[in-house]
Amino acid sequence: MVRRLKRYHPPGTSPGTLPETGVRASFELFTYGSKGVSKTSAPSVAAALALPRERGWLRITGLDNRAVAELGKRLGVHPLVLEDILNPGQRPKAETHASYLFFVVDVPALTEVGLEEVQVSLLVFSDLVVSVEEKPNPFFATVEKRLALGSGRLFQFGSDYLAYALVDAAVDHFFPVLEKLGERLEGMEEVLLQQHDQILPQLHQLRRDLLRLRRSLWPLREAVGALLREESPLLSPEVRVFVRDVQDHVLYLLDILESYRETAASLLELYLSTVAQRTNEVMKVLTVIGTIFLPLTFIVGVYGMNFQHMPELAWPWAYPALWAIMVVLALGMLRAFRRRGWL
Amino acid sequence: MVRRLKRYHPPGTSPGTLPETGVRASFELFTYGSKGVSKTSAPSVAAALALPRERGWLRITGLDNRAVAELGKRLGVHPLVLEDILNPGQRPKAETHASYLFFVVDVPALTEVGLEEVQVSLLVFSDLVVSVEEKPNPFFATVEKRLALGSGRLFQFGSDYLAYALVDAAVDHFFPVLEKLGERLEGMEEVLLQQHDQILPQLHQLRRDLLRLRRSLWPLREAVGALLREESPLLSPEVRVFVRDVQDHVLYLLDILESYRETAASLLELYLSTVAQRTNEVMKVLTVIGTIFLPLTFIVGVYGMNFQHMPELAWPWAYPALWAIMVVLALGMLRAFRRRGWL
Amino acid sequence: MVRRLKRYHPPGTSPGTLPETGVRASFELFTYGSKGVSKTSAPSVAAALALPRERGWLRITGLDNRAVAELGKRLGVHPLVLEDILNPGQRPKAETHASYLFFVVDVPALTEVGLEEVQVSLLVFSDLVVSVEEKPNPFFATVEKRLALGSGRLFQFGSDYLAYALVDAAVDHFFPVLEKLGERLEGMEEVLLQQHDQILPQLHQLRRDLLRLRRSLWPLREAVGALLREESPLLSPEVRVFVRDVQDHVLYLLDILESYRETAASLLELYLSTVAQRTNEVMKVLTVIGTIFLPLTFIVGVYGMNFQHMPELAWPWAYPALWAIMVVLALGMLRAFRRRGWL
Amino acid sequence: MVRRLKRYHPPGTSPGTLPETGVRASFELFTYGSKGVSKTSAPSVAAALALPRERGWLRITGLDNRAVAELGKRLGVHPLVLEDILNPGQRPKAETHASYLFFVVDVPALTEVGLEEVQVSLLVFSDLVVSVEEKPNPFFATVEKRLALGSGRLFQFGSDYLAYALVDAAVDHFFPVLEKLGERLEGMEEVLLQQHDQILPQLHQLRRDLLRLRRSLWPLREAVGALLREESPLLSPEVRVFVRDVQDHVLYLLDILESYRETAASLLELYLSTVAQRTNEVMKVLTVIGTIFLPLTFIVGVYGMNFQHMPELAWPWAYPALWAIMVVLALGMLRAFRRRGWL
Amino acid sequence: MVRRLKRYHPPGTSPGTLPETGVRASFELFTYGSKGVSKTSAPSVAAALALPRERGWLRITGLDNRAVAELGKRLGVHPLVLEDILNPGQRPKAETHASYLFFVVDVPALTEVGLEEVQVSLLVFSDLVVSVEEKPNPFFATVEKRLALGSGRLFQFGSDYLAYALVDAAVDHFFPVLEKLGERLEGMEEVLLQQHDQILPQLHQLRRDLLRLRRSLWPLREAVGALLREESPLLSPEVRVFVRDVQDHVLYLLDILESYRETAASLLELYLSTVAQRTNEVMKVLTVIGTIFLPLTFIVGVYGMNFQHMPELAWPWAYPALWAIMVVLALGMLRAFRRRGWL
């Protein structure tokens, strides 16, 4: 949870200062249009942008400060935008600039060590989309495949549609993650009702994961909403319909997320109530046993005393009589317990 | 809860791709107008749409991807809408398109295995309503009957009124479900106050069901509200009054749902407090018994020791004196307990 | 809580269908104006409306479907409004129609069997107010008296002021109910701090009653607000000031209601904490007694054994020495408990 | 909490009916302007208003229905406003009328018997401010002193500034009350961590006091906001800046109030957790002692039996061997407890 | 928490009255522009403002009432603004005045004694920024350094950019504080799962710190938002983009703060559940031991009695038989416990 907070500049650093990330990115340029599609790996941003293209998608993988600076210089991107691109852990957001749209999204991935987020930034120009991805990821493989087909809506509409397709693919990756967490939740529910006790740390972890997903999804909702409200000419009416569909997905994800969060909270309450009820049962057993045998043990202790003058000890029927008294006492207490509903 | 999340496409699939559902739908066309009513079963969408009609209702039961694709082609429906129709578990919503309105609603049904939702999609054209229902259901039987009468508001107004009548019938089906859950809640309340303990899992299940209903109702409220706010010519002022009545019902259902949710939460708190209080009572009994008999048992243990030099053992009045001491001790402790309010 | 949900039509019934209530209403017409006031009992709606009047108030007591249908026919009231009038348990609301205003309010009454609501519907025409009351009730007696005086604002303003006076009288009846619940709450608070245990079911019942009142008051706030926002010519500026005062009362009632709800919730938490703390005290007593006497009882048990070779038994000072040891042990444990703050 | 609800009219009373309070007020008129300041006690409203004045402040102390009625008649104040003035326990509010502004505020005072509220009503005319105070109070002493100086902003601006100065002085009296409650909260925090147990009723009382303050502050925020939003010519732009400052104070008070409420809630949770943890510790001690000594006591009980055929009793090394066994058993159990972290 | 509430004037003091702080401030004037940068320490506000400057930053450290009064007189600042500058503990806010903007922010610092806030006030004129800092602090060191460079955006834009840079630097100081609290939270999480018990007071302290930070951050969000919404000519469009970035940071900080608060609440619930579960385990051990040994001890007590007529005592196989019975009894109970899942 704290991880993302770490890589901030020293307070007061000039805004728009690009951090020295020490990372070298990889560059792929997809050019497509009436003449078909081609995919070229380039050694640098400069090289990629120098390639001829009708429409293009520059895919940058890795937070490479030199490449991002180059990008800023060549495409006229605001330094604050460049800074956001290089700082993973941004709040998802959409910004409308004069010649481009800027969009950041945080895509979750369930790895072996837990939930992880990968930041994806998009710059949408009228004939070019630049994507910068924090690390290698499988999010856009399907979009590449659809592009390779050489026809379809990607070719029909402008670069806004390509950008939409990328955001849509990113949002789609929330579904399997949420599904996984939902399965864990269901697993815990079953286990809980069968009285296993290792569930508490797991439940707490799950609640943290849900909280983290929420931090990615809530601002995303605002971001997509802002995009739909603003009147940028970079977003055509046809593509706007598709963006509305992404908004739908985000709202749907949030619905489910919130209901998981409520279920998890209610599960903890169920746990607490279950434990309280079991403790109650345990105590009832102890109390029944104690209430019956402590007095009886006292009684037999009395006749275990060694006083020289204890007349009862000599009575011949004293021993069976005492047994009778004790049995009556025990039965009486059992009846009292039954009346109270403790048995 | 997770069920609905399952049938999504692989992330990144081209939007508007219709899933291969493997389902074959049934088709019924109701034509009605000045010449009366007729109902015809058709083998396909194409066949149904080819039938002559003044005004019509095409009722499709089953999520049949071929039929829906045909529908899209013939009536000019947007691929994203077709996709939503085929994916059950949509968030309820209303969309205004140029030549039609699109409305999705999730109708709950209490089956033997629990709460289940059936998705109903409506496409409202100026002279035609198409309904696509996820599975066979009793929701629209009464509308069919009213249509069969051959007169009434269904004949007086346009296809917007028919659409309204369908939505109204769907919303009406929330009432008996909510009533059932309310009865369960009342049942638990009574049982709880009589100390039965199997209530926890049932209460948890009820809370989940309420959460699920809520996920159907909240977006429905937004959807109907959106319909009322937007200025589509497809919705006439006369019918608008009726839609306001549906909104009323939805708000009413939400009021009750929320109060059930609060009651259920308060019931769990009541349970926890009740268990805590019972544990307290159990412990008081044990403590009273233990506090009285542990010291007494110690005392009689003392005079059960076998030391050769224990002068008390020889005193003739020692035994009755000890009894007296023990009785005084016990009575003193009982008085102390009474003063503390433990008895 | 569930009661109100019962009398809905079968799902899908034609909207505006009036239920067969089997109730026969009573009818009173008050005519008033420059020539004074007169009150006439009429056998039917038709008879009442046929009476001559300057301004009038038709008071209908009882949900009589035939009378309401007649009302609709003669005064041109929308079927959905008629349906709402006949279905008790409506959400309070205000609707502006072309020639009349429609207002529903749910007035609570504390009867012997608990909280009950009586639905009151008002139709406000330019020269006539029609009130339909679910059952006989004392709500409007004071308004009748004020009318009987033959002068005052009721005569100065139009029928909107009469309608306002009726709503005001209805809202006023929330005050004594809320006061009663507040007194119960205070009573519980006192009892709770004196350790009586029958409070839980009562507290739960009170929370339910508050929840129910809230379901009447929240929509009422919206309804009065809607009336104030809309620009109906049926509501004159002078009377508008008075309606603002009703809004004030509703807001004030809601303030108090919400603070009662919070107090009740906080009372339950107080209860739980109090019980937990008492259990803690009970356990401390048991633990102190047990910790002192279980070891001592063990020790005396040792010297109650019958081994032939137990040299201590023969030592002359063994018995007093053992007493000394046991006293020291007990005192040591008491000191340890005091240091821990358990005594 | 319920006190304020008591003095309402019987439901349905004509609105604007002034209650017979049986109180006689005192009247002071401050006249001020270019010719300096003068303060006169007057026997009645009529007498006070008859005095010559440039600008004036009529200070009425006591809810005197005759005086308020007179005020209404002479200054043209709406009957509903007069009614509000005479009914303490009003929701704080601001109303703009044609020739005057009406403002009500509820000022808290911590008396020996607890938190009490004093209602202050202000009527602001272009050259006169009338204040009606529920009972004698120290709220406006400083404003009187500032007025007595004969110069300053009170003389520079109109009567709106005087009204502002009064509201500001009233709001300022929330600070010491909140500070006092804050100190109590801090006191409880310290006490709680040192295990004293009388804290629960006090904490509950504090939560109620905070809830009550909140009922005074939240509507006050709305009231001041309404004043700032509305365009009354009675409020000059210069004074508007000052009213913004009052709004600031109210918001600040609300911030602190809400954080106190959260702290108090969190304190109760802390309490519950602390008690649970202490009970756990107490139980551990009892369980350790019980688990060690119950088996040992059983063992020595065995050899205290009087069977004639118990060969062990005759073995010479039986007694020391048994001691050895018991010591080993006890140490083993201690080790098991240490491993579980119970010691 | 209460500290900040202390230094208010007596209620009713004339607004804009400057408190006698008894503090003497230090003054530094930075002049910068086309001729480079210079930094001069001045003995007073008057001396500093008399220095020639192109653009300037007057940095005042210490809440010196004489200096602030002087500032007001020379620069025409409203008395209420001067009062706010001198009263630490202001709600963060932004105010637009005719010739200047006023901005207050509360910057947190984690000192050895806990969380502390330092108030920073900014007055932004067209060619001058005045900052008043409550006490010496490291917040603006980096801005000084950037200014000393003699070039960059600080020289390119107007004094609005300098003001932005200062606010940005202040907001940046929230990051390390929040990170520290996040680390503490993580530390507690680990400790909690390992059963250490000193965590409760620490967790409570952390919740209070988070609550305090929140009181600084929420109004800050409003303040920056107000700045962005208002149309002051003092804020140029170029700098507005940068202010949007500050808003971003504030939103991000709030996201994290809220998720910490939720995690802390959920940690307390985890704690409570963990303690309840451990108490349950402790009780199970005691109950198992008690249930086995209390009856056995009773039995051996029976045969420790000294009645003369106890035939069993003479039976030769009585002793081994009794052992057998007791072993069977104990095993039976162990099996019952295992079946209940208590072992």
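Letters A, B, C, D and E mark the chains as written, and numbering starts fresh at 1 in each.
Note that a contact is a pair of C-beta atoms (placed from the backbone, for glycine too) under 8 Å apart; a residue touches a chain by one contact, two chains touch by 3 or more.
Keep in mind it's a predicted model, so treat the numbers as computed, not measured.
Engineer: Chains touching subunit B and subunit D alike, please list them.
Structural biologist: Chains in contact with subunit B as well as subunit D: C.
Engineer: Taking each chain's centre as the mean of its CA atoms, how far is subunit A from subunit C in angstrom?
Structural biologist: 40
Engineer: How many angstrom lie between the centres of subunit D and subunit E, each centre taken as the mean Cα position?
Structural biologist: Each chain reduced to its C-alpha mean, subunit D and subunit E end up 25 Å apart.
Engineer: Using the touch rule from the top of the page, what residues of subunit E touch 2 or more other chains?
Structural biologist: 272, 276, 279, 283, 286, 290, 294, 297, 301, 304-306, 310
Engineer: A student should be able to answer this: under the defined touch rule, what is the ring order from subunit A, with subunit B coming next?
Structural biologist: So, from subunit A then subunit B onward, the ring reads A, B, C, D, E.
Engineer: Provide the residue numbers of subunit B that touch subunit A in the complex, in ascending order.
Structural biologist: Touching subunit A from subunit B are residues 1-2, 5-6, 8-16, 78, 80, 90-91, 93, 95, 195, 197, 200-201, 204, 207-208, 211-212, 214-215, 218-219, 268, 271-272, 275-276, 278-279, 282-283, 285-286, 289-290, 293-294, 296-297, 300-301, 303-306, 310, 312-319, 322.
Engineer: In the complex of these two chains, what residues of subunit A are touching subunit B?
Structural biologist: 139-143, 146, 152-153, 165, 168-169, 172-173, 175-176, 178-179, 182-183, 186, 189, 193, 241-242, 244-245, 248, 251-252, 255-256, 259-260, 262-263, 266-267, 269-270, 272-274, 276-277, 279-280, 283-284, 286-287, 290-291, 294-295, 297-298, 301-302, 304-310, 341-342
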